[in-house]
Structure formats: C-alpha cells, structure tokens
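Below are two complexes that have subunit A in common, paired first with subunit B and then with subunit C.
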Partner chain A sequence: MQHSLTEKGGDLVVSLQGDVDLDSSPAVRELLLRCVGRGATVFVDLSNVSYIDSSGVASFVEAFQIARRNGTAFALVSVSPAARRVLELARLDKVFTIHESLPGGSDDGA
Partner chain B sequence: MEAHSTSDAPRPPGSGDAQAGDIAGAFALLAGMTRDFADTLDLEATLEHGLSSIVAHLDAEAGSLWLLDDDKRELTCRASVGPNPITGLSLPVSQGIVGRSVRENACQSVLDVSKDPGFMISVDQKSGLATRSLLCAPLSVSDEALGAIELVNRRGAGRCFAEADIHLLQVLASSAALAIANARMAANLVDAERLRRELELAAEIQRNLLPAPHAAPFPAYGVNVPARTVSGDFFDIVELPDGRIGFCLGDVSGKGMNAALLMAKTASLYRCLAKTVERPGELIGTLNDEIADTATRGMFVTMVLGVFDPKNGRVALTNAGHEPPLVHSPSGGFCALPAQAPPLGIATGIVPGGTYPEREFRLSGGALYVFSDGLTEACTRTGDPLGSPGLERLIAANAGKPLAERVHNVIAEVGELDPRDDLTLLALCDTARGGR
Partner chain C sequence: MTEAANSSHADPVIEVTDLVTHYGNTEILHGVSLTVDPGEIMVIMGGSGSGKSTLLRHLLALERPTSGSIRLLGRELTQMSEFELYALSRKMGVAFQGGALFSSMTVGENVMLPLREHTDLDEGTMEIMMRLKLEIVKLAGFENLMPSELSGGMVKRAAFARALIMDPALLFCDEPSAGLDPVVSSGLDELILRLRDALRMTIVVVTHELDSAFRIADRIAVLDRGELLALGSVDEVRNHGNPRIQNLLNRRFEEEELDPEEYLARLTGTAKEPTR
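Let's look at the complex of A and B:
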C-alpha cells in the first residue's frame, strides 16, 4: 500500500494505492486522523485501491466520525470498482459522501 | 572473536601475568558462576555474588555490572562491589569507558584513566574511589552487548590489569551475559503464558455467550469457529415465549481482542433485548444506538437479525451491512438478501426514524443460511475466493441431511480450504413443511 498527501486550495487530498487491509490500515488510520485533525476538508482518492477489508473501512469510519463531530467535510472520491463493491455491499455508500471526481477539476494544485 | 583495546603503554613483561595464571582458580570460578546462574531464581542476587567473586579473583578494588535500559540509551548499574555501592546509578551509553565497551561491544583496558578522555570522574565521586586503571568487558550475546562488567584498580604488584585478566573477565562476562539473556527469555515466556491463559479465559467466556445447541429436531442451528482464540463473529438463537425463534449473526470489524470485546457487548445486548423488542428493525436500531455511543476507533458491526416462525415458515429479517444471507428453496434455487442499511455503530440515528427496513417472506419448505464473510472470502485451491456461488454449491451438496450435520459439513469443508478467518454459519429450516 502506498499513499500520498497533497493540498489543494486549503483542502487535503489523500491518495491511497493498493490494498487497505489489516497490515496497512494502521498507517492509513494515522494519516487520515492527522488530516482530519487539521480541521480542513479531506478528500480520500480511492481510484487506485485494489482491496479494502473491514479494518480499512474502520479507518475511514473513524475519520468520518471525527470530521462529523468537528463539523468539517470528509469525502471519498474516484472510488475504484473493487472499493465500490465493498462499500455498496455493506451500504456504506449511505454513510460516506462519495464524489465521482475531485471537485474543481483535475489539476493537482500541489 | 577476541575484541579488546588497550590504551597507554603495556605493562613491563612478567610483572603480573603470573598472578592471573592461576588457571585452576579461574576454572573453579567460572564453573561456580555458571552453576549459580543455572540454578538461580534470583538473578540480581546471583549477579551481585558473581561480581564479588570476579572482583576478589582478579584482585580489583571495586567492580560494577551495568545493563542497557530497554530504549538502549542508558546504562544502569545493577550490581556493585566497593567502598560505596553505586547500584542504581545511570549513565548515558554515549559516555564513559563502560559506554564505549557497550557501543563497540569490545573489552576496554585503560592503564591510566587520566589519559583517557572517555573517563567520567562523576562515577568516582559516587563510588569514593580514585580510579587509576580500568578493565571493562561487554556482556555480549549474539553480537549484541546487553551491558558490561567494569573492574577498577588492580591491587598488589604492578597495580594494573594484565592481558590474562582481560581474557578471564571476557569469559566470565560471557557466562553472566548468557544467564541474563536466559533470565529475560524465561520472563518473556512467563508473560506469554499468562497472556495465553487470559486469552483462553476470554475465549471461554465468549463461547458461553453463544447459545447451547437445541436438541434435534429444532429448526435452527449455528456454529462459530474462531480463527484465533477469540472471535469477532457471533450468532444467537433465542426461543421466544410465543414459539417463534429470534436469531442474529454479527461480524465485528477487525480482529483480535478489541473485536472480541465489542462482539461480547453486542451479543449481550441482543440477548437482553431479543425477548422484549418485537420487531427486528426496531431491535437493530436500538443496538445501533447503543454500540455507536461507545464504539471506538471506527469499529462497527455488520449484522443480520430476524425472527422465524416455525409454525408458518415466516421470516422477518433486517440486514445491516452484512454479507447477503441465502435462501435455498425446495426447488434448489438460491436467493440472496443484500444489506438494506449500513453496519451498526457508525453513528446514532443513521437510519431515519431509527427503525431499520425489514424483509418478510416465507421459507415454504426451504432453508435460510446466514454466515460471516469468512465463508465467502475463503481462498480456494485456485487462489480465488469461494464466493457466494461456491458456498451455494457446498450448501446444495449437503441439502437433505439433518440440519446440524449440514451446518457442520459446510463449516468443515470451508475450514479445510482456508482456516484464516472466523467462520460462523447459522441455518434455519422450514422443517414443518418438509424443509431440506
């Protein structure tokens, strides 16, 4: 699993790549909590995620819960078919805000 | 593997080597120390005693034994012999001659400390000694220094340590190092054993949260096989006063003790509420709010919860984010029941009105199978997951057998393929209408 963090007009974009599973989810969790803790809007780009297990989903849920408490926005974007299957099967698409692509176009703005 | 450095000029030949040539005495000391270390139940006392013997044998004015702290930044004196004990004193491993011995994992022999910039006068101030010469050997095991033994000021003729003294101290330090490493390993084993016993106790408590099997013929049967000692899956079967059967099967996100604890809470809540809350959608809404109030680290529970009436074969169930259960009809077809709402514990009031959507249907002589994703995600011999079609084949192959045998057979066949995940399967059979 690889990840990167870019800033785009004050918003944070976390891009995840590969498997988000029991091995990699602690690092994902730490990164997401750090981003949400900054009080910015956080977008998690899942276009290159090949697999998510329940520990990976839990790291998104925790970030979502904190953002909700703080009144900040947390959204998943460009969800890969593999990740979408997991989210839809568990009806987590009813929980998370999901965007087809990053709002404001495709320039990376890094 | 001899590693030592000697600073200053060597001693004149023949001045002290003869004293250390007492080979029989050295062997006796080594044998005694090794025996003490092998027998000891009190390592600190044995180290203190061993150090006294070394100091006496090598005729030093004082000696100290230092061990590295867990973070490997400081050395702490764990035993000392001399005018003023310095046991408990700590030094940064980056300083002093003892620190150098540990850093370099090598003996240090300093004939005149005043010429060694590494010498720390602060230790002399504590020990009440005026150090002239020093001999230091690392306590090394597997090329790693756990600490060091330091001797101060040779008594008698020549008044400094000889080459033979270095070798002897090195051998004695190796013996002590082995004893320390063994004692630490034994302590770790004791800790691991205690943890294992606690896990077994937790697993026993967990097993008791599962329902006792009902005597056949009973139209509901379930099995839970944890992959580890404790499980994040659970199921329950409750006989309601009006003859209906309440059931649920849940899977907590993640693995290990945290999942097991949330499982215990959810199972207890269900058992408590099942006899008083009539509707599955309402019951699961109450469970959600209770779990969401206290869940941490984003943990959640996927669950299927329902009520089955064996008299008419009617089922009412709700699926919160769980793997779709399968209805096996008497004609042999399967129907999957996908989740209608998200998993439990994510947020209170996540379903408008707090009541989860329900499905109602009749089994009409068929059977309902509810299971954890350990069954569908089990890895087959081709490397692909078993999936719902694979599980359907296993269920179909066992149809017609007594309910308990069916459930055990399916679990055993999946477990043989892939035992890495918790496996839980609950089946309800419309036996009154010849269910198979």
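Let's look at the complex of A and C:
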C-alpha cells in the first residue's frame, strides 16, 4: 500500500493506493488521525484502492468521529468499486460523506 | 454463478486429491477429490455419517489423513508444521456449528479474540472492527453480554462475527442454518452471498439443509458414506441420475442391503472389525 498527502487550498487530501489491510491499516490510521488533528478538512481519495478490509474501514470511522467532534469535515472521494462494496456491506456508505471527485471538480456530487 | 466463481484460470483455493482417512480400522473417506475456486461458495452436502464433517475437520487441519493431499491457498496442508498452520489460520475463518464461544468472555471479547492473537492493532480499531462485524450479523449492541445470555441463534451469529473478524480469504461454515428459525437462517444465507460478492471471499459451507444449499451454492459436493457422489452446479446436482443423490434430495431413508451372515455375526459379536 502507498499513500500520499497533499494540500489543496488549506484542505488535506490523503490518497491511498493498493491494498489497505491488517498490515497497512495502522499506518493509514496514524496518518488520518494526524490529519484530522490538524483541524483541516480531510479528503481521502480511494480511487486507487484495490482492496480494503475492516481494519482500514475502522480507521476511517475513527478519523471521521474525531473530525465530527472537532467540527471539521472528513470525506471519502472517488471511492473505487472494491472499496465501495466493502463500505456498502457494512452500510457505511450511509454514514460517510462521499464525493464522486474532489470538491472544486466539475462532476462533484455527494 | 458469479464472475469470480467463473474465473477457472485462477489457481484453486482448495485442492483435495484422493483423500483417504480412517477412524481406527474403519475407512471414513474413500479417496475424495475436489477443488474450490477463488470467490466460490462450495457447499458440501450429505446426510449423517456421510463424511462431510470429517472432510471439514481435515480441511481445518484438525485431523491428518491416512493418505492423499490437501492444498490450501497453494500450500500442502498435510505436511505443515504447527507454526505454518498458525500462520495460515490468519487467512481462514471458521464458524463452528455450536458456536464454540468462550463462556468466560463477553461476546465482544470472543469476537475480537483472533485480532488479539494475530495482530497488534490499536484497541480502538479492534473495537470498531468488532462492532462492525456485530452489525453485519445483526447483533449490534450485544458486545457486553456473556454467551450464556444469548439464544442459540445469537450464539451462532456471534461465532459468525468472530469468523469474519480478520476478513479471511477463506471462510468455513459448519451447518450455519441448523437450528435457526427460517428468517434468521435466510438472513445468514444472504450474508454469505454478500460476503462472496463484496469481499470475493471463498466460502465452504457444510450443511444438510437443502434449501440453504440450493440458495447459496455456486457448486455442491455431495458426499455419501465417505464417497463423493457428485460435484457440480445446483442444477447438475438436482438433476443427477444417481438414486442415492435423489434419495438425499428427496429426504428418503435408504435401507442398507442386508447380508444375513454378516448381520448374525455382528449380533453375536463374531464379526471382523469393519474395513473397506
């Protein structure tokens, strides 16, 4: 699994790539908690995620909960089909804010 | 059949070849061979004494065969060390028929147990994962109860949650529907199908429940008296010409042929020990 962090107009964009599983999710969790801790809006780009397990999903839940507590936004973006199936299985597609693309893009939609 | 189940070019997740096993001098499995493909739901079906539970115990490495080969996820199971089996168990989930929950632990602790054994995940992550799985099996909010406070069906679902906690590549379910009311049973069948579709999980279900088998199976293996009678799609098994299969499907009891001499010998205790 690879990840990158970029800033876009004060927002943080975390892009994940590859498999988010039991081995890689602790690093993802640490990164996401660090990002939401900065008080910025956090977008997690899942367009290149080929597999995500429930430890990865759990790290999203934890970061989302902290962001809500802090009054900041946390959203998933460009969710790959593989990731979407897992979110739907756990019915978390009803919980997370999900954008088709990064806000500011022409085909943005919740 | 699913797209995943059709991907016959992929290596099988399970490959059993000429499996023979004995209990004492009695041969229980008589050269069983079958393969399970990635993302497939394979139902192993048979009546009491068919050998289906024995086959499952061999697939779980709980017993060693007399001869034959079992390859799981590309590795020969019958020659693995305890350490290798432990490593492999991280990729496998097992929902035992009776639940096999630890009575001294809460439902939540039971479900999290594989995570504690196999990972160093943060406690908060493990708890969210545990609650996610309890949500999936419709046991949300029951994590602090003890197993003794659950109904039989709930114990079964908790065991299912524990089997799923590591998101295993390979899931074994032993009689998942037995003893459940039809609504709960149908819900578990639905969950098995969703796990295959959402996670591409390979699932082996051992059952004697025909309705459930026909609902969820990509393929069915029919075992009878330790022999593999048929291996095929639901339709292929349903329309199979073998009368023993039709007896099983139509729930007809089959009277075994009687040899008067052997029968008398059995009654008088002068029979040879059974071999095959």
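Here, the second predicted complex is superposed on the first by the 105 of 110 C-alpha atoms of A that agree within 3 Å, B and C clash if a C-alpha of one lies under 4 Å from a C-alpha of the other, contacts with A are read in each partner's own complex, and residues count from 1 in each chain.
In the analysis below, contacts are C-beta pairs under 8 Å (C-beta built on N, C-alpha and C of every residue); 3 or more make two chains touch, one makes a residue touch a chain.
As the structure is a prediction and not an experimental result, all values here were calculated from the model.
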Side-by-side fit of subunit B and subunit C on subunit A, or clash: clash
Touched partner set for A:Leu89, first subunit B, second subunit C, both or neither: both
Contacts of A:Pro26 with subunit B and subunit C, given as first, second, both or neither: second
Which of subunit B and subunit C A:Ser55 touches, first, second, both or neither: both
Touching partner for A:Arg68 - first (subunit B), second (subunit C), both, neither: first
Subunit B versus subunit C as contact partner of A:Glu7, first or second or both or neither: neither
Residues of subunit A that lie at the interface with subunit B and also at the interface with subunit C: 22, 29, 54-55, 57-59, 61-62, 89-91
In the complex with subunit B, residue positions of subunit A that touch it: 22, 29, 54-55, 57-65, 68, 89-92, 94-95
Subunit B - residues contacting subunit A, complex: 251, 253-255, 297-300, 302, 320-324, 338-343, 346-347, 350
Subunit A partner contacts - residues on subunit C that touch it in the complex: 118-122, 124-126, 128-129, 132-133, 135-136, 165-167, 194-195, 197-199
Subunit C partner contacts - residues on subunit A that touch it in the complex: 21-22, 25-26, 29, 53-55, 57-59, 61-62, 85-86, 88-91
